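Structure in structure tokens, see below.
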Amino acid sequence: MIKFDCDYLEGCHPNILKMLEKTNFEQTEGYGCDKYCEKAKKLILSACGFAGKRGKNVPDVHFLVGGTQTNTTVISAILRPHQGVVSAVTGHVNVHETGAIESTGHKVLALPSSDGKLTAEQVEKYVKSCVNDCNYEHIVQPGMVYISFPTENGTVYSKRELSELRKVCLKYKLPLFIDGARLGYGIKASGNDLTLPDIAALCDVFYIGGTKNGALFGEAVVITNNAFKKDFRNIIKQRGGMLAKGRLLGIQFMTLFSDDLYFRLAEHAVKTAAKIKNALKNKGIEFLFDSPTNQIFPVFPDEIYEKLSKKFSFAFWENVDEKRTAVRICTSWATKESDVAELIKAFSSN
Amino acid sequence: MIKFDCDYLEGCHPNILKMLEKTNFEQTEGYGCDKYCEKAKKLILSACGFAGKRGKNVPDVHFLVGGTQTNTTVISAILRPHQGVVSAVTGHVNVHETGAIESTGHKVLALPSSDGKLTAEQVEKYVKSCVNDCNYEHIVQPGMVYISFPTENGTVYSKRELSELRKVCLKYKLPLFIDGARLGYGIKASGNDLTLPDIAALCDVFYIGGTKNGALFGEAVVITNNAFKKDFRNIIKQRGGMLAKGRLLGIQFMTLFSDDLYFRLAEHAVKTAAKIKNALKNKGIEFLFDSPTNQIFPVFPDEIYEKLSKKFSFAFWENVDEKRTAVRICTSWATKESDVAELIKAFSSN
Amino acid sequence: MIKFDCDYLEGCHPNILKMLEKTNFEQTEGYGCDKYCEKAKKLILSACGFAGKRGKNVPDVHFLVGGTQTNTTVISAILRPHQGVVSAVTGHVNVHETGAIESTGHKVLALPSSDGKLTAEQVEKYVKSCVNDCNYEHIVQPGMVYISFPTENGTVYSKRELSELRKVCLKYKLPLFIDGARLGYGIKASGNDLTLPDIAALCDVFYIGGTKNGALFGEAVVITNNAFKKDFRNIIKQRGGMLAKGRLLGIQFMTLFSDDLYFRLAEHAVKTAAKIKNALKNKGIEFLFDSPTNQIFPVFPDEIYEKLSKKFSFAFWENVDEKRTAVRICTSWATKESDVAELIKAFSSN
Amino acid sequence: MIKFDCDYLEGCHPNILKMLEKTNFEQTEGYGCDKYCEKAKKLILSACGFAGKRGKNVPDVHFLVGGTQTNTTVISAILRPHQGVVSAVTGHVNVHETGAIESTGHKVLALPSSDGKLTAEQVEKYVKSCVNDCNYEHIVQPGMVYISFPTENGTVYSKRELSELRKVCLKYKLPLFIDGARLGYGIKASGNDLTLPDIAALCDVFYIGGTKNGALFGEAVVITNNAFKKDFRNIIKQRGGMLAKGRLLGIQFMTLFSDDLYFRLAEHAVKTAAKIKNALKNKGIEFLFDSPTNQIFPVFPDEIYEKLSKKFSFAFWENVDEKRTAVRICTSWATKESDVAELIKAFSSN
């Protein structure tokens, strides 16, 4: 069985294992205060456009273990008790974290979305309605905005879209948090016009996903807004996200942000996904979302789906109608060209 | 200005003030362990069909101060950390409690509803989809069902509807909690076929609202399911709902459940609401919901709304279209016949 | 049985019942936005030294139902997730609220105390040790200080003591919150040199207890620090503390703060307690704490305790040794002189 | 600098890295549903005395990333809202997790301890006092007991001590949870008479620490009480503890529980610690606690401490008096014999 279910099927890029082996018997400080974390932070800041900069306007970088943990830690660190986080109804925090946000006391304020994105207009309309509600004190007030880049549907915000959303956030004093679990795949997406420094400039805090982009595990949180820097490490610890051997995260991100590895891996995934997408499109397959990233959502006639399923596995998405099934096909940094070719061949032979 | 905004505009039925005065200098135990609370509990149990019964199958009765507090206390006492409470999207716990449920760590699982009610069918479909979700562990699992009787839209469940909902709840082991903030008004609604003993028999826990039905304040929680009785008072205390001078609640409910006062007050409100409703209907006014209780939701042409607003106040509900506004008109135990007549007259003179 | 167990044994001062009756059929806004709440706030602000003042430096006043609810609401509104509240180990929030503070996510940082008070010195030492701990990120950081005035042991802070504590709080940017459940009894205590304006000036937020000082129920929160004013009503609502018929609280506090009633009631209690104390002292009875307020803590030889218990009830405090028992004797605004005389007589006849 | 600060200074046992490398490009299911996790669970169950057993009385095994996360997940999964967890005042959950337990709504009920252990007697006395308290509903009720084996002071419970504690827990229906962050080091401690099957039999849930015993990271939770098995994975996910590439944990524990590696590594640490301890003892150094495990707590005269600190680092523990400092010396699976020899030599040359 060749798996295209998700982007965390394999281990990690071999360079990481090599570096873990090389450093294995060094003794380092615990909890992320080691030299590898320091080095990794510098590389990340440099990639974010802060090379050589110093002072309080340089972002803080923190390493956490996984995505749910990261989202929960960031959101609970920012909100006051009566506030909620605005999210697309499809947002990971709303649907796939077993209520982790609510477990910290906050409602996810889910807005409708057909493609996984929020629009500046819809956020402004919603926030206005909350602020002006005659029941202001009886409803959860929006305290921040959460988006994913790319989204859970594989789509990306354009620079214009993100800038407009940011403008609304600033107008209503709502911190903007970008979930970058698949950040690399978004930045390398065909047609994307947002750079990593753009992302850093257009939000208050975001994270760079490692787990799905070449690391064994790990996410790097970048806090650009000074207001949210203080004692963030305490909150990481409280939420169970502070790794004793923090260097494991430092070593991984140091490796990924050396020689542009992170983005080269992302590019590979995006390209192989595009290859599959084009092959399917050429044969008339439709897609649920217009995704230029490593996740694509073809709608297969059931007989094709069944046939392919003998050799390949995908993530089931939904029954579109009585005769067709939508699935998610995921490529990753680890996807083999030969597996892609085999999939295309199997499909084309229908 | 004559107010029809809500059903908590006045103080309380005079009998209650009299009893407070009469007992004022008695010394009683604190925290609801006094003789008035005992007496009130007996009267309530009797009204629920447990007159003279003893033993573990007799419900526990507790008195709390307000509705949000009661909902939060009951729901947080029942759910495990990863569970949420199923509610109509219009449910009070979902929209008008500033995220009180979420503040205790639990998601409100809001299902669509056009009239404020949940159907057995929709709950079953939803629960099934959660239980069978391939992401079972990544989504909030339903842990109980919350409904309001009557609903926030003034509608009531029929005995058949409630029985079917209950059946689904039992099938999936989901405790059913009925928010009875306006319970009296539901039971006395025209066409209602549910008695108080029916309500008690068809759920695991419910509350009898005092605040909106003749009391100064106070809600009586009735726990019929033994599984949720243990240490409930500790949780009341923790959630800030245990009144030091608990007797104030006992005295009020003792008074309300003497001589059928509670239901006589409710009947008065329902009848005056029906009088207004009929007068409006006869002149062609439409209603948002088909409500037989003390809350009615007429859709006024804007010029009529403006004119009436000079002398009467209502709760704004929504702009139906560019020319019409829906409002909520609320009667209560305290509504004066003369005010009703004046409203009808003012309207009819249009 | 004549009860001296606590100060919430009776109803309320008759003036309050009269005013409730007088206003009973008026229609007012809900949730504390009525004219009685407005009037009560003005009277309280005036008593706090803000008569006629306007602008942002005038405190906000809010009315809540009970003490545990008030403590929880204030503390959870101020702390960030990783912070705790410093309290004497005997503090109400630490021992008698069923973990209400913890239920909102925060640790109570309990410091030892022999008389219920915290000293400036001990707070400074503790806070310093936390801030300088090499495990700074692994321990709960103090985020505010909670004290009771008077304390749970009936003792009061002197103006010097409170000023020094406040200085330490300011030095370490720790908001100071004063639980004034029995505030009147403290201010009227023999030897006390703190006025209500002093209290208001020496903390960031405090509350004036009504429940134990003549009201049916109710506590008035006074927020003097602008940083904690925003959206406090939302948090009251979320914590279940916003009374629908808010006017009940307004009417009570308006009455209590008219004609100095609140303090006259307090004075009565303090004087009757002193009378009992002196009578016991003259016969050689020792006391657990040197309390000048309405709570006194005599240590009775067991045979005396048993004899008195036939006619009087007290709150059991502790078994001091095998032959002696300490109890709490509580007087209140409602204590009858004749009951006091009877107690003294019964005791003296031993 | 040779570090003896803690037992998470190095990476992991080389066998683990080898296995990670070997399996790196395999595609496996996410979230701990892979074959390596299955294999690791079997090996752990076998070590716990369940080799070849099947059915509902076989424990559930789960893998989490770190200790704070594990403690929080287990404790919050078991307690009801008004309950707290009994712990020694020195317990990790009480002092070094930034209030993680409180962040889930529960108080840590800290009991005094001079050596890190709780006694059956003290727990019974405390629990009895809570259950019988006349303020039962106003205090946090104990809902479970937490102990560490070995403790934070390096001490271990004897089989008799643990059995007695367990008996008290059963008597009062209090689940017993054993934090085994350093479990191997306890089991291999000189004089210890508890086996892994004993541990499993004498509690309701415990965990086997990997992070400090040869793994890169990871803890294995073993749930022996059926009552706590249901939906535990949902709670792991909610608390941010479910690793996407769960196999990383499976591979590590599979390796550690093959060929008795876990215990061989532990034995090495315990032996090297004993070597240091004996060398210091022979020269008259006193110890804070009588620890037979990999953590020892010598009290150094300050001049010796300073001299050693030039070449070696320890964890500062406390200033015992004006002339002496207590430190923690930690060995681990990775401690080199040569470093131990060098430390002893440096010390002995004083």
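As written, the chain order gives the labels A, B, C and D, with residue 1 at the start of each chain.
By our rule, contacts are C-beta pairs under 8 Å (C-beta built on N, C-alpha and C of every residue); 3 or more make two chains touch, one makes a residue touch a chain.
Everything numeric in this text was worked out from a predicted model, so none of it was measured.
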Selected pair, greater C-beta contact count between A-D and C-D: A-D
Per Cα centroids, the chain farthest from chain C: A
Mean-CA-position distance for chain C and chain A (Å): 49
Chain C-chain D separation of Cα centroids, rounded to whole Å: 43
Gap in Å, rounded to a whole number, between the CA centres of chain D and chain A: 34
Touching two or more other chains - residue numbers and ranges from chain C: 81-82, 97-99, 103-105, 137-138, 234-235, 237-238, 242
Partner chain B, residues of chain D touching it in the complex: 31, 76-77, 80-82, 104-105, 136-138, 141, 231, 233-238, 242
Residues of chain D that touch chain A when the two form their complex: 2-3, 6, 8-12, 14, 17, 20-21, 23-28, 30, 65-70, 72-73, 97-100, 103-104, 211-212, 216-217, 234-235, 237-245, 247-248, 334
Sites on chain B touched by chain A in the complex: 81-82, 84, 95-99, 102-108, 134-135, 137-140, 316
